[in-house]
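Got a structure here, written out as structure tokens. Questions coming.
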Amino acid sequence: MTSPNPPTGPFPARRMRLPFHWLGILPFAVFVLLFLIMPTMKIVIGAFQRPDGSFTFQNIGNLFTPSILAAYGISIRISMASAFFGCLIGFGTAAAVVLGGLPRAIRGPLMTFSGVASNFAGVPLAFAFLATLGPVGFITVFLQTELGINLRMLGFNLLSFWGLTLTYLFFQIPLMILIITPALDGLKKEWREAASILGATNAQYWRMVALPILTPAILGTFALLFANAFGAVATAIALTGSSLSIVPILLFAQIRGDVLGDPHLGYALAFGMIAVTGVANTVYIWLRARSERWMR
Amino acid sequence: MKRFWAWGALIIGLLYFILPLIGMTNFSLKMRRGVYSFDAYAKVLADTRFQETFTYSVTLALLTILVGVFLVVPTAYWVRLKLPFLRPYVEFVTLLPLVIPAIVVVFGYIRLYNTSSWLPLTGTALGTDVLLVAGYTMLALPYMYRAVDTGLRTIDVTTLTEAAQSLGAGWFTIITRIILPNVLVAVLSGAFLTFAIVIGEFTMAALLNRPAFGPYMQVLGANRAYEPAALAVIAFAITWGCLGLIQLVSRFQKSAQRPV
Amino acid sequence: MSFLTLTHLQKSFGSVKVVHDFNMTIDKGEFVSFLGPSGCGKTTVLRMIAGFEIPTGGTIEIAGKDQTHLRPNQRNIGMVFQAYALFPNMNVFDNVAFGLKVAGKPKNEIESRVKEMLKLIHLEHLADRYPYQMSGGQQQRVALARALAPKPEVLLLDEPLSALDAKIRVSLREEIRQIQRHLGITTVFVTHDQEEALSISDRIVVMNGGKADQIGTAPEIYNRPATRFVANFVGTLNVIEATLVNGATGVVKIGEELVSLPQPVSGKADGQSISVAFRPEAAMVAGPATGPAALTGTVMSSNFLGSVMRTKVDVGGNIISFDIFNHPSALRPKAGETLSLTLQKDGLMVLGD
């Protein structure tokens, strides 16, 4: 765009205006650079450096130990499961309310509650679940003393894959509801009517019209919920202490006290987290581009 | 039949969301053996650590809101007015914090701004506080930007600006006197949400070693039985309050916009 | 031979009765318009025919088969909506193919039928376009093709032209009518635009407050409106006060002039005052070639509209509109002038209520 040796003179006004325009977003650009991009780049670069600064793949290679791989595995599975069920249940709820399976009157309260619950993550959420389903939680105790059911004997443990997933759903489902409700509102009544007068069953309408239209929104929310769960540190730590070995807990411990004895392994761990959410979002963008050819 | 299933699912859903809330409330009231009491709350509220950390977090939340507003409003406005082709990119950047985990970002801070770096922010308490506010601003950025940008969409930025300019207003006047009041509700919504996010934030504060409310709750949770439940109830009430305020201001806007 | 029969059709939403006792038979291949002001229940009747609303009472029959309680996808009906309602995720081809696909038609049959339909609407070259890439007029033609592709027995159009601009509105309505004739499909066309209804319909149903006030051909509706509402709603109507001289012979006194109406007047006593209505074209400027002047008044305005000058004259407090044909030497009345008018006797109407 810019010529190597700019001509002097002919368009002075234009050359004066251009920098001024760009000046307007300078504060934002600098701030984001300083406090988001550069720190992230520091991690990415550090993951490929020896302590002396030279290039290496060794840190990444060091991730491939059984215990770290297992941590990534369980983290990914928890994130997948909580994103999947969050999307499914959240979608079902929103669809029931928007499309009339449930009275519209509960819509307002549902949206308000979803706003609250989707932000009620972290330490207090863990406390709430501990007080409910933890070893001395009131449901655990109630089932034990009143009905003689021992949850632990049945294999349920809050500090486990399913326990964490169940806890995460408390903010995942409402988040899905918040995001997908406007998308469902965007489905025009006429599309459904046009489909049905053309002979389509309800299922055909959903398969051929409604779901394809909603796909970008659903995929986007899934990617968001995945990242949301994958990066959730506070809930996990407050819930499990450090008894469950998932990536954010591992990284937290590493940053706090270098438990792995190798600072650059910390970079690699963090880089791995970015890589996972990055891949998830790349897949999302790719799928979205495919499902969205018809959009402006 | 369809109705039956819809209602059945709704009831299960309600139980799932209400039982933990009942659980924590119930637990928070059981400190004294055999009877319900507010002992846990009394104990928590009397704790000086609680008072200190809570005050600290409130202060930080307010600072974050301030920084966020002064960063986001002019930027969103400017992008809409003068650099509309940049909008997709700016939007993309504002969504990044949803994708890059906070723990990674704060790890980057610790390594980038340590005592031996070019900008040794972590060397002093004040410097670390600056970092923490910056981090919180990033956490809140997606919500703040979206709220403000949506607010700007409902007003005609270009016309308002040109009208103000034709009356001789400068940029500062335009932004503070024309744009800000028009997107006030959006800004307030973003601000309350920011408050809700920041007040109980754990990861960044803990890793930067600042005496914030989130880490305090976590430490208490590891060592006590009933007080954490009381804290959870308080935190839930704060979140509910913030979201309630958002509803309130947006309802206020709707009634204000209705022609007499 | 009636094809689509609506018998005692009624619809209430809650306690509000929106359609009262609607009766109508439509012949095979007929093009019928529902004309009426917004909110009079046109859409509701149409939606009952389509099956989107269940009638509170009455029956709907198509080709002798009761349809009243069939679901929309069990009826064989095509519908075109005001806002096009094309599926945004499908291109033109897939939109038109939708009805055939869900009917499980074989691929080659779908393809040839879609091509045939696109040819009919002259959009073969846009088969790959998505709705957002087309103009409103193009989208509505695709919607028409989509509705016709599964060979419906009845075609319903709900104000299909309202969202388009004036030029396209006229050309598309003619295209719709031509396609309808070509296919011979029984069609119900809803509109609130009288010109639209008058210009393309075999018959028109003028609706008012949930009832059919009058059903008839365009000339019938225009020339012999059955009610005051129809007369007012369709075309421009002038109303003047007259005195009934002799009801049995239909003689009234307008101004100082005795005029005998085309039909006798009943229900009023001689000597009473009576409202007489007429269309603009029934009035003309009095001159040597015309009969004696019936009315004299002051010109309020005269607007040049091209082929005519729409002129308004205040006759004793009643504003009379009429047209003066334009030609280079035509009279051009000015506001404030006094003007005498004669009335064509057979254009005079006495309206029931």
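Chains here go by letter, A, B and C, matching the order in which they are written, and residues are numbered from 1 within each.
By definition in this document, contacts are C-beta pairs under 8 Å (C-beta built on N, C-alpha and C of every residue); 3 or more make two chains touch, one makes a residue touch a chain.
Predicted, not measured: the structure shown is a model, and the values here were computed from it.
Contact topology of the protein chains: linear, an open path with no closing contact. Chains joined by the most contact pairs: A-B. Computed from the mean C-alpha positions, the centre of subunit B lies at a distance of 58 Å from the centre of subunit C. Taking the mean of the C-alpha atoms as each chain's centre, subunit A and subunit B sit 17 Å apart.
Centre-to-centre separation of subunit A and subunit C, using mean CA positions: 56 Å.
Contact of a single residue of subunit B with at least two other chains is seen at no position. Here subunit B touches subunit A in the complex through residues 2-3, 6-7, 9-10, 13, 16-17, 19-24, 26-28, 71-72, 74-75, 78-79, 82-83, 86, 90, 93, 96-112, 131, 134-135, 137-138, 193, 196-197, 200-203, 206-207, 214, 217-218, 221-222, 228-229, 231-232, 235-236, 239-240, 242-244, 246-247, going by the rule given at the top.
Residues 188, 190-191, 193-201, 204, 208-209, 212-213, 293-296 of subunit A touch subunit C in their complex.
Within the complex formed with subunit B, the residues of subunit A that make contact are 21-22, 24-25, 27-28, 31-32, 34-36, 38-43, 46, 89, 92-93, 96, 101-102, 106, 112-113, 115-117, 119-120, 122-133, 137-139, 169-170, 173, 224, 227-228, 230-231, 233-234, 237-238, 241, 248, 251-252, 255-256, 266-267, 270, 273-274, 277-278, 281. Considering their complex, residues 50-52, 71-73, 75, 77-79, 81, 83, 85-91, 98-99, 101-103, 130-132, 146-147, 150 of subunit C touch subunit A.
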